[in-house]
Amino acid sequence: MASSFEPNIVAFVCNWCTYTGADLAGTSRISMAPNVRIIRLPCTGRIDTLFILKALERGADGIIVSGCHPADCHYTAGNYHARRRFAIFRDLMEFVGIDPHRVTFSWVSASEGGKWAEVVDRTTERVRRLGPFRTYPRLARGAGE
Amino acid sequence: MRLGYFPGCSLHGTAREYEESLKAVAAALHIELEEIRDWACCGATSAHATSRTLGVALPARTLMQAEKQNLDRIFAPCAACYNRLASAQHALAHDATMASQIRSILDYSPKTSVSIINIAQLLSAQAGEIQKNSKAPLNGLKIACYYGCLLVRPPEVCKFDDPEAPNSLDHIVSATGAAPVAWDMALECCGGGFSLSRTASVVRLSRAILKSARSAGAHALAVACPMCHSNLDFRQQAINKRNRDGEAMPILFLSQLVGLSLGLDPIQLGLHRHFVSPQPLLDRIGMGKLQPERREQV
Amino acid sequence: MSRIGVFICHCGENIGRTVDCVRVAHNLENVPGVVHSIDYKYMCSDPGQALIKQAIRELQLDGVVVGACSPHMHEKTFRKAAAAAGLNPYLCEMANLREHCSWIHEDRERATDKAIGLARFMVEKIKYNRPLATIRIPVERRALVIGGGIAGIQAALDIADGGREVILVEKEPSIGGHMSQLSETFPTLDCSQCILTPRMVEVAQHPNIQLLAYSEVESVEGYIGNFQVKIRRKARSVDEIKCNGCGECQKNCPNQKIPGEFDRGLGMRTAIYVPFPQAVPNIPVIDRAKCAFYRGKAKGVKKAVCGKCAEVCGPKAIDFDQQDSFVTEEVGAIVVATGYQLYSIGKAQESETLRGYGEYGYGAIPDVIDGLQFERLASASGPTGGKILRPSDGKEPKTIVFLQCIGSRDRAKGIEYCSKICCMYVAKHAILYHHKVDHGRAIVFYLDIRAGGKGYDEFVRRAIEESHALYLRGRVSRLFRNGDTICVHGVDTLSGEPVAIDADMVVLATAMRAQPDIASLAQKLSISYDRHGFLNEAHPKLRPVETNTAGVYLAGACQSPRDIPDSVAMASAAAAKVLGLFSNELLEREPLIARVDQLACTGCFHCERVCPYGAIERKQLKDGKGRVIKIVAEVNQGVCQGCGTCQATCPSKSVELEGFTDEQVYAAVNAL
Amino acid sequence: MQELRDLARRLLRENQVNVILGYECARRGVRPAFITEAADCDRLVFDHRCVHNLAAYLSPRRTHVRALGRPAVVIKACDARAVAGLIRESQIEREETVLIGVRCGGVVLDPADSSPLSSGNIAPRCSACDQREPALFDHLVGEPKGAPAGEASRDARLSEIEAMNPEERLGLWIGLLGRCTRCHACRQICPMCFCERCIADKTQPAWIETSPHSRGNFAWHLTRALHLAGRCVDCGECERACPARIPLGLLSRKAARSVASRYGYVVTDDPAIPTPIGSFQFDDGQEFIA
Amino acid sequence: MNIRRMIGKTDLDVLIRDLISAGKRVIAPVRCGDSQHEALEYAPVRSPAEIHWAGPLPLRSLKEIIFPPTETLFGWKQVKSSVEIEANPNGFRETVIIGARPCDAAAFEIVDRVMGWDYRDDLWFGRRQATTILTVACPHGDESCFCPAVGLSPESARGADWFLTPADGGFEAAILTQKGEALLEPYKAQWPEPNNFSKQQLSGLESKVRANLKVQPESIRQWLEKHFDDPLWKHVALRCHGCGACAFVCPACHCFDIVDEPEGIDRGRRRRNWDACQPALFTLHGSGHNPRKDQAARFRQRIMHKFNYYPARFGEVLCTGCGRCVRVCAAGMDLIAILAEIGRRSEEAGAAS
């Protein structure tokens, strides 16, 4: 079952490093799992934890959040603020039982096409092993009825 | 002022005059020296050269003793002792593995808050007092302050003075009324621990120091370390046998100089115990004759 | 209900090979809001773009999604096309079906499914796109240059020659900076003064340059294109208008024995003085700490103790009562060229992380000097008229030992970085010494030779081979006085031997350090600096002369240790940036910036805390009667760069980043 | 007590303030009081039943309280942290508010509970509290108090949950948050929840579903905990106000534990110290980032 | 109808087990988990052993059994430009409430009036129909109870299908409705009738809680009618935090909100959720204007609705005196004190005229 299951993964990435890194992976024809769909944002600083929750509500089995390495941020500090935001959110997520292995945080620079492919493949594999995350979207079911 | 007192081996032996003078000066300055009970060797000689752990454990044990005596400040007159104690404390504070090792050895964890001070720190803090109470200011005396290798180094351990161009001793000497001379060898090695094993080296090194002091016009050398003292004082015989550089240069402990300026009796200060007689020095400042010495003079 | 057009590009075979573009187009057709969905071989081609324009016109599309390559590739292309057809360019988005899909997958089925998903994201997002208008901010086309060293001078001249006004602020009485103190310059050995002085004069005479020497920047308000700068004009005690620079005052000043800063204490100056003969402006200043008149007044003496200068001054320019004054200037751009200071070798250090070099007895041993002092000795205009003579006895040194890396590349001394110029100027010193003192023996202690640069390594070779400088790889532990020579104790690490050299003079090649007061200036400009105090560029590779405050640029050694050619190049680069900014009356900016919903804003100002650009301002919200209801955040359009960190941080999401609003992202996520 | 009343009376008489936010005895235990007449100051009390965090009434959101004019507020050490938060986040002006600090030896959880303070009825936050008086105040009143009794480790439950496996944790929270009916008492009583329009009330887009099912409740309580990370003053009011008795403190204290362990940040009543969200260190931990 | 039975503890357990095994939902007061104080809540039980007959009033009222905090009305799916509706199968599960408190049971009848007034709420009545209520004489009252003041009592059988009064070792049950009789049917024969038909004498509770509040609902209403704008409102509302706790625990409050909840771009559910009149959002217009601009106005609405508008339209107050709003309020808002004050003012006014 687990092997036949194809996880649905969404990636929130910054425009300047990871998105460009993913472009590079493309121009370098580095093949990777087709399970990940990218949503482009200007900076990890813009990536809200609400995106992650909503994605889970909409049935995402896994999530990737990726941006510029420390000190590389196009906006100088967005990724530092994001790092703190996600560190704490991740602790909370884990605390309420949302397996943090479903969410990958990574720094992928514009020159790391290869690393992006790795992040995509490793996340896909990990989430595939964890199986579908139906529990979360279904939390709304049965309420009251 | 109450101070924990760590004499170490030499102040009870080869450097008796250091202890004598210290006690005299301390009394004059109303400083209470309380010897640490059951203190152990500081590890300066062979211990730290052979085993770092032992080199830390020994002084750490002494620190423990001091704490049990609830002394918050320890005075170690011997530069080597001071250096070992301070280094050990530094290790305990900054080297976690070493600290835990020591804890298990002593099964006690010495707190690193106890402050360890050497004679330079002690007396420069008292400089004002010294000046105030000086009954016989040593005007006209030119003194080369010799710091040696252990008093102000390594910098991360001994933070109180510039490791390359120190001036704490000069500060104290000025307080006695004597004039510290500007010279370059204040930090050079005297031969230190090789006193017995490689006499030749000691002679070479100590000679350079004495020459430099002489050429700077010093009448005497002020030291803060029994080891330096024995090298520079005792070895002058040998040095001058080989090559006649000039008049023998009296080597005084800092405490003795201070003692003199406070008008204490030279004998009480142990000045008669030196190999190189400080008599010329005393004459220069118009002090009485020392008792005829047992040992023949250089 | 939206009217969205979807255009799927095959990119020849690039996308078509692994993505079934026809299926993608068909699938998107059935998405609510999509009224038109087609595929085509090359969307970016003219006929391709024509298809889009045509559809926009004929079907009155209110949104266009192009499924093709990366937006980094063609977003501009397609937005232009949309605009040409009368659609707001920001209502056109791209789905990346090539780099992010066809090029990285083999399985045609799944690649196609993913392509549909990616296009779907954009279709849903674009339903919430708003038509946006480019932001235009008026630009005050005058520049401020801070610092009148070579970098500042170059930047000022370039901008001025570009036809724009420049205000050049220099804190010293004269411009010229460190370069004016140098004798010759490496690697060409042309005389520093000879190449610098004409530039200084040019500055003074340039119709577009307003020179404010002996002045400092007091405060900076505003943002790119619109800075208000308050400048303090320190009191010279001399009327700049009246003074004709005749120099009588100096000749007659009774206090002639003040160690001169310009000669690094090797020469003397008077209490009223011009720092050096070629000074620009050539107007003296009174050193009030040293001047008898002021000291007398300080002591409370009623009648003037001295007034010689005033007596002899023809134009009556001396003004003992002069006070600091302030001027405020409106500028559109600021170039920071505040240069550097030298490592202070002595024991006294302003920061306790720095150790100093007690072991070299600088200050105690008269013939131990630093590199800049050597420059003064070697300089024809220097205290010795260009002869190399010992400060102690004026004798000619037969042996000089040069020590490199003083205050650099040494953690124990508190500085890790390489000062970059020292290797070169030591080589220069060796050569100059060889020229001026034949049979003079130059010995250099070095760690490594860093001679990257045009003609640089050749220059060092020349010092070694033609000027016979002896280069020893190693450090010096200590300097000893040895009679009237200096005994240098070091080690030659190549031979592994300790060496002791008797030298007549020792020259310490001290490192460049950041200016001591950089922090306060950086705060005024809200730009950042590294832990050594060097100012930070916006991006180490791609934006080396910009800062993270738009409209503020860097030139010269204030950013990192630099030699003259580097500083000049950087200055010209900064000038080019400024002129570029000034090329239009209005500054155009992408409208993808943050906007505050002031009704919902609570004014907690988390946004202010996270904004990397200080773009958040505080605004009072008033009711009809003018009473303050609350204080809310407002985004300065000129400053915001559009990172969106404010929005993600805002607890109530009361600030929106145009182009990436919550509704747009939400819609995309909904399409999962 | 008299000291407090006299001070309040003076403040009102001298028109230093228009209203005293304090505590009074009522039919059913102690409750917040809003005293505008010097004559009524004798109603003021402070004892171990004064559990309410009155700083909540300072937020601009309380238009009806603001309308009374310049306030003086009675604050315990824990409440002072909230006041500091309001100042830090520009909600109130330090000069505009008179702070009457009270020495506190712990309070009971239920203000209607008049039995003496014991480890049985003490508010959980107090058992772990070592602050007997605020550092932020204009006036400080009351006798010095001793430390309250209470169980040693208050966060035992927290560690217990951390020790569970993900499934157990998820199950636990589905059960707990399933009880939430979104009355938003937790938010309304929270001194640090002062948003003009809460993200939970934002409908375009509706990031947080308004329906009280576990999915909406997860989004709500997770987001709230995140927003309070490094801001929550741990006054326990949310938990006290929750009609469903959901141990909400666990979430905010987890967040607090996270910022403490990661950034060494602890909420204090010093308004000058910036919050951990909104500041950063270049070398902040990133062990979780690939 | 006047059927009475003596039911031994064990007999009752048998009944409950039978109901559970018959797949019915059995709701009863049980210990409420994860609370540091002894507290009860109405919840489904799996065995009679879980039931707590004594102890304080359950935290939340029975309301949620008939009127869940959130329920789906229907789902939708968008296809091209049309919309498909998928009706939600609101199966009304057979439910028996055991050990209902009089103040909770009575609330259903009161709310029935508004639910069946101009528009008949099928979800409400559907569940009402499927639910049988066994009320028990109130075992526990405190300083916040005031049922007598609103015309009820700890022994009120209003809204009950059975009314249980503790009697030696078990209960004396009065079967009051067909629904009740149907429930009794299988056991009617083996359970004895109580030997004495004498009316149980009132426990002390009635008089105890009566002392908490002595007002006439009608005199309250009269005052309210004349005092829409009265300084009292601003005064009492000061401490109110504006949360919905009081309304959500109230057995009689029944306001709800209807939301469309997307579950994707083209699909979602329409739900109805509890709502309350104290939060500002309740009356906030899209324009940003709010007719109830401050907490005073909102709190007034709560009182007016319960004690003026509702009786005016339906002849009785929208309150059963359970006192939950008093107990639950973290700000110490006290309905009893407020009603007492209003009563006092009304008296004065009456005396004056």
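Just so it is clear, A, B, C, D and E label the chains in written order, and each chain counts residues from 1 on its own.
What we mean here is this: contacts are C-beta pairs under 8 Å (C-beta built on N, C-alpha and C of every residue); 3 or more make two chains touch, one makes a residue touch a chain.
From a predicted model like this one, the values you see are computed outputs, not experimental measurements.
Peer 1: Could you name all chains that are in contact with chain B and with chain C at the same time?
Peer 2: Output, common partners of chain B and chain C: nil, no chain qualifies.
Peer 1: By CA centroid distance, what chain is farthest from chain D?
Peer 2: Centre of mass proxy via C-alpha means gives B as farthest from chain D.
Peer 1: Going by the touch criterion at the top, tell me which pair is linked by more C-beta contacts: C-E or A-E.
Peer 2: A-E
Peer 1: From the C-alpha centres, identify the chain that is farthest from chain A.
Peer 2: Checked the centroid distances; the maximum from chain A is B.
Peer 1: Indicate the whole-number Å distance between the mean C-alpha point of chain C and the mean C-alpha point of chain D.
Peer 2: That pair's centroid distance is 47 Å.
Peer 1: Which whole number of Å gives the spacing of the CA centres of chain D and chain E?
Peer 2: Their C-alpha centroids are separated by 31 Å.
Peer 1: In angstrom, rounded to a whole number, how far apart do the mean CA points of chain B and chain E lie?
Peer 2: 90
Peer 1: Taking the mean of the C-alpha atoms as each chain's centre, how many Å separate chain A from chain C?
Peer 2: A distance of 37 Å separates the two centres.
Peer 1: Which residues belonging to chain E are in contact with no fewer than two other chains?
Peer 2: Residue numbers touching two or more other chains: 69-70, 261-262, 264.
Peer 1: What positions in chain C touch 2 or more of the other chains?
Peer 2: Expected reply: 599, 610, 649, 662, 666-667, 670, 672.
Peer 1: Could you list which residues of chain B touch at least two other chains?
Peer 2: Residues of chain B touching two or more partner chains: there are none.
Peer 1: Spell out all pairs of chains that touch, sorted by label.
Peer 2: The list of touching pairs comes to A-C, A-D, A-E, B-C, C-D, C-E, D-E.
Peer 1: Can you list the chain B residues touching chain C in their complex?
Peer 2: Touch residues, chain B against chain C: 155, 162-166, 182-185, 187, 212, 215.
Peer 1: Considering the complex alone, what residue numbers of chain D touch chain E?
Peer 2: Residues in contact with chain E: 26-32, 34, 52, 56-57, 62-65, 67-68, 109, 111-112, 124, 175-176, 181-185, 187-189, 201, 206, 209-213, 237, 240-241, 243-247.
Peer 1: Report the residues of chain E in contact with chain D in the complex, numbered from low to high.
Peer 2: 32-36, 39, 59-60, 69-70, 143-144, 234, 237-239, 241-245, 247-249, 257, 259, 261-262, 271, 273-274, 276, 279, 281, 293-296, 326, 328, 330-332, 334, 336-337
Peer 1: Spell out the part of chain A that touches chain E in their complex, as residue ranges.
Peer 2: 57-58, 137, 140, 143-145
Peer 1: Residue numbers of chain A touching chain D in their complex, please.
Peer 2: Per the stated touch rule, the residues are 49-50, 53-54, 57, 70-71, 77, 80-81, 83-100, 104-107, 119, 122, 135-141, 143-144.
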